[in-house]
């Protein structure tokens, strides 16, 4: 790219070596006339069709053998569209039963894989680093709505599923940058829209590593559980299954389908390839540096969120929606070794790096709730950030519910407003200290503590509530012994 | 306060009830002439003296019977001064041995307790909420320096002590809002200065709860450890000890000293009373809402940090310094019940709430490192945010060390620059996903990945390094199998 | 609206009057189930057609008798589209001659008028206040480009037309939130996209006021000119003309056309109705409070800018583009009197109020250029902010041109990057002091002054330049006597 | 400085020339051990003494022959203290008469001159550029208060002196970063503290230029006035006078005193040397690049503001206070020619450049008032930003006074809160469009327009008001014909 040449001149002439600005160095500077760059649509979505009926069929597994559905050239702006994570299974209907009975093996319905080639048409190779810039993104025209929900405890649960074991749901409508929900009145906020999932295809070697270590947890994990020592949710890990498996262009009649489907990794956890990282600030102007494990990089994306809170505590917790991305790729040849040190037994144990853009809502006031690693029964845990964060979230729910909300409303809220979940202290044994910071401006009332201002009971009755199903399972429910109600 | 009356009028006249603006409502509005308010010094420090020689003797334990050293009236601006957390034990000397051999039972040397009374002189009572506003703060004149350090693994360790078991130290000098260190060249940044510790005195009942639950971890905790299943640090909890105990006005010759010292809680972990929360944004303009457990609230503060990263990963990890605070208190009668729901078996299981102020450095670009709950040996942990955050920090250290730094330099850096440690996803079983976001502007070079720009080896040799002691213990050191060096 | 009821309850119960939360007050709280709100397209644009061929024909004049082309209901989200200000006359062709010979009487090609009615269908009335919220906006799909230009001095000129009398042009391409121009290499920045024009239809009385006062300046203004006492540009005011006049639905064959066209106000200056205010931060999440002068409010909008600097110094100076707006209206009955105090001889001498949204790029570093009210010939002007600002802009152009740019490139840049033009001091007689603050992050090089780093001559040769026409007029050109080149 | 060497290595190795990292380049990297840097006090102030009684006597004029009172070495952090601009003449007494009768020839009482030398002791020279970094600043301990005032029209006036011809005053008290005033209840805000004045000594040649051009305005300026064509204030320019002249170390008995005093420039306007620029964001972490006209640079500073609004509209308009600065200087040899292009007839017609720091209060919501260049009588002015800004300020005063304030209270407020005065459009002939943006968070009530919420009259009666004197002069007062009261 010509730009590099220009930069080089600058660099050279400012060095201490005092390179004279000769004819030679001049020649490095060349014209930079760009050709016009309108975003090219490489993957479209038809919202009236099912995930497997799409022109560019979706996939809901990670596997090296899922063939690319489109190609992107380095430096070109292109557009991809995606369904919501459930592929249309969760609707605007006023019930949470679609969430309760959701077949979790269908998620996430990803767009891709996209094969990436350089300007000469040579594909990215294993060991390269793939930089993907998110130039623009948003909802699909005519589909400006989303939902936030908690799963039933028997069907995936959520972070506080031992307190809230039933499915709930709220619908959000978008007014440009703002979202509001009839089920959670009195709140309106600008979203930091982002894709929850972006990741490259794993190699077979990496896939095997995943399957082995996750199977170990699924099978032996119950004894190592520590969240109040109650079963957190079922299952502990989502292992490969051919049930509801979508492999993109590899259709069920393909002789390879059965084999791939039985070993392809589920998309629920984030892993070495990126995937479901749920980094809430990955919005316009951000960049992801992804490791490349297979030829062409074959990256996929999906699970668009209009807005999400750190932690995405209710699991189906951001404002889930369909949407589009405008992207631009760059290939750093050999960049994986250069930039990503493996942290584990093989060179594949790496993590992507992210660069956050300059455009976000600015909130100037935050109310911060704190939790320490002592659980609801009063038991001390050693530097456990998960327990500390759980307590911070519980504290926040209880506090905000004093302002006229049901606890279920606040639980969904904390999962989708742009709140920040921080690890404040991880060294002051035995207590980890985690915090949850909430921008106060999103409420239509002042939620800060005030002297002699708050009546003892709920005073702002907000009649509507989230949609809620029953919990019919038999796992024990955690009661906070200190709560009065 | 007259201001309330004014606010009330506003509220009343804007209501739908259309109260006419009569003589009566007028009379609610009265003059608000404030008397002049210069900050009153209530606790001074003489840096040439030891903690126990101070005019207002310091204390390093939490106990209801430590008597207040000063009184503050609601609404009045007052100033307190403090020593650094080590009480002067760690110096500018070019060695890390003062850290290695630090007697950890001396920390933290707190200023207080301060008894708080309302405008009529009636003290805060158990069950009230104490709002403390931090109006201003900074280093003590003539003492504009601080230090960042890691403890030896046999003496408290740090978050990555299994990787870095030895003591290290760097000295920072302040130029107004900026800090720079001769031991970590190429970095200069504005600090978000804050007190690491602010908390109220516990009641005897609360103290007993603390001691019991922490003793349980100290005695039985090893089997529940999960950080790579190696011993994290020694000890697991810091139990009461009369060694190096300072109880403020209760001197050693006091007949009660022995009893109080043997049951007073150590100040290392944050707990229900606030304490060592290390919330890095608790700077100018912030407010803390603390529960009151004893008459007068008896709050103490200390452990000033010029700057700290989320997590304070190196333990003695912020830029530690002496300093002053200008504070203003307000008592919310009965506010503890109103605002703080207990989260545990007793009404005392609460946590303070914090309000963050509007004045902070704004960084527009962040480089974000990610970790998932898979440890260095490749083992999968179930939704463990501590493991995920550890991996994110390790990733960041490795990456930044490519730009000419030793890993020890970066480790200290990440503990004191204003980096953000986030819980990005805590629900996508089995992987928790944590991130560490670093403001790129603090470096004098561009640390973002760039195509074809970084040589394969370290290219920017920065000769100075942190001060470093030897590790003479025998605990195993974690090796990252994937690292080349 | 139900929301109000809820707010009211909150207000009432927090008042000092201690209203009990009875059945009665309860009844004020009602459900708020919103119907789905997808943005409704009320005015579409076909870019392949001319302004007057559009389905909703455009207009380029302000007049009470231009009939509305569409209707919007209070509270409903709706979408309007617009052409660029020139109505397609300025193109991507690599020449500035389309700018040089632009018929200025065709601008601006506005979308509207939109008639606004309340929920009962009753239109806004003169004396109301119309709140228009900008929920979303952006380029039209497939038309992601724009241009920045300076007019020829004989054809409208620009702020520095006495220095730069010729027409110039640069083309910008959009990559999501970012813009870059082949003609101005080394710069890329996120836009704060906004409509340059939004305004209500004037009443006949207001229109007469405009025409009278502007005719006075056009006819007698030369002697009152003070910008270096040279003729600034021609003409001094753009008076009504039937030439190129577009009146929307009133076509040329309409018997009224001639009369309306001869008295309708030009759209170039901002006035009491809003209009061409060019407030660069009026982006997503902003609100405009417009006075209503005629039934239905009949507001129009146009002149979309991808990005603009304060002052829009090159006149056709923002990045001009076609685009869409998603809007929501609210009518404040009688709000004009309540909120807008007239500042002048009649109740019509008001100005709109604006509310800026929370979502903007955050830049943490600014380089600030200053100017005082002493002109290029050294003459002192009394508290003249225009002269001071002109000098600040000249200083900035000269400085930045040292980094490899032509002065014309910088001039166009300063007109479209998000720079801030401030009135720093307007009281320190005889000097007004104005500043121009430039975010340094938009350049690919560090433009701050550095010790021993900048060679004496331009060192970063950037070959491409803006498109440029000749100036064939005979007005004198201002030379800066102090400039070396 | 070693840092430069390090930077250079980085630069060199990233260039396209691919310099190998040899021994040679290695040797450029050397240790950077800094010596400890505590701020050195070079100029102290005793607030109990008069300006001329100080140990380092103050000066209130610009002249090359005022000798330095102290010396600062490049790279060293040093501290200077200053009196408030009036040198203690304006007090906390509850009257505005001290303002009304202030002898304006005593202002500003500057600290300095400070002579700057490089590390080898060689002084800055004419033609150099002096970079002054503001590392820290604040009020003097024990003197945490300030004032805002308007002058009487016969004694300097203010921006709106034709509307408000009398002297007024409000006292502000500081609580750390916050200020509040008993005279303007309901407002509390964080200050962006800064020195209003920082400038280098002029050469004799530059001084002559100033005196000549300002004398011309003072003598012939009335006919060129355009602010509503009424006399704006008296005098039009403040010419040299021996009255109340302070020349620092040159005492009255010095034979040169008379000559210097009669030609030394007044400090009221900002000029080529910097001086009274009143750039409200010049706070912690900012840098000023000043031209050097005499040996040693001899820079002076003063006029500390706790906070100021753009424009400083009430003249004595920021929150004026005494205070301290911690500074660090750097000399760019020959930098004036390199970086500052003269804009005028001589090489001395330059302006300083400023760099704004990253630490400021962040406000997320702004209410924006607009003005166009049509004056209160309805007369059209041609692109006059001063008239436009005047109208924006008048609009803001009128609007905010609806919320329970007197217009005088708002006028003082707009002069000292961190509001932004912007030149929005300076090209849309004949109207300049200026805006005044006000951060809404500083009020204890919501000042945004709301539907059906504001009664027709003032509803929030705030009894206290500013201190106010009578106007005894005979200049006509501008009435806004459209105002109802």
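Letters A, B, C and D name the chains as they come in the text, with residue numbers starting at 1 for each one.
The rule we apply is simple: a contact is a pair of C-beta atoms (placed from the backbone, for glycine too) under 8 Å apart; a residue touches a chain by one contact, two chains touch by 3 or more.
Since we're looking at a predicted model, the values are computed, not measured.
Shared contact partners of chain C and chain D comprise A, B. Note on interfaces B-C and A-C: more C-beta pairs are in contact across A-C. Ranking all chains by how far their C-alpha centres lie from the centre of chain A, first place goes to D. Taking each chain's centre as the average of its CA atoms, chain B and chain C sit 48 Å apart.
In this assembly, the C-alpha centroid of chain A lies 30 Å from the C-alpha centroid of chain B. With each centre defined as the average position of its C-alpha atoms, the distance from chain A to chain C rounds to 38 Å. For chain A, the set of residues that touch two or more other chains comprises 14, 358, 361-365, 441. Looking at the complex, you find that chain C touches chain D at residues 4, 129, 131, 156, 158-159, 209, 213-214, 216-218, 221, 224-227, 232-233, 235-238, 268-272, 276-281, 289, 310-315, 317, 330-333, 335, 338-347, 349, 351-356, 358, 364-372, 374-386, 389, 391-392, 394-395, 398-399, 402, 420-435, 437, 448-449, 451-452, 454, 456, 480-484. Those residues of chain D whose C-beta lies close enough to touch chain B in the complex are 2-3, 6-7, 9-10, 13-14, 21, 26, 29-34, 36-39, 77, 92, 133-137, 142-145, 173, 175-178, 180, 182, 185-186, 190, 284-285, 326, 328, 357-363, 404, 441, 444-445, 453-455, 457, 459-464.
Remark: chain A residues 4-5, 8, 11-12, 14-17, 19, 28, 361-365, 441 touch chain D in the complex.
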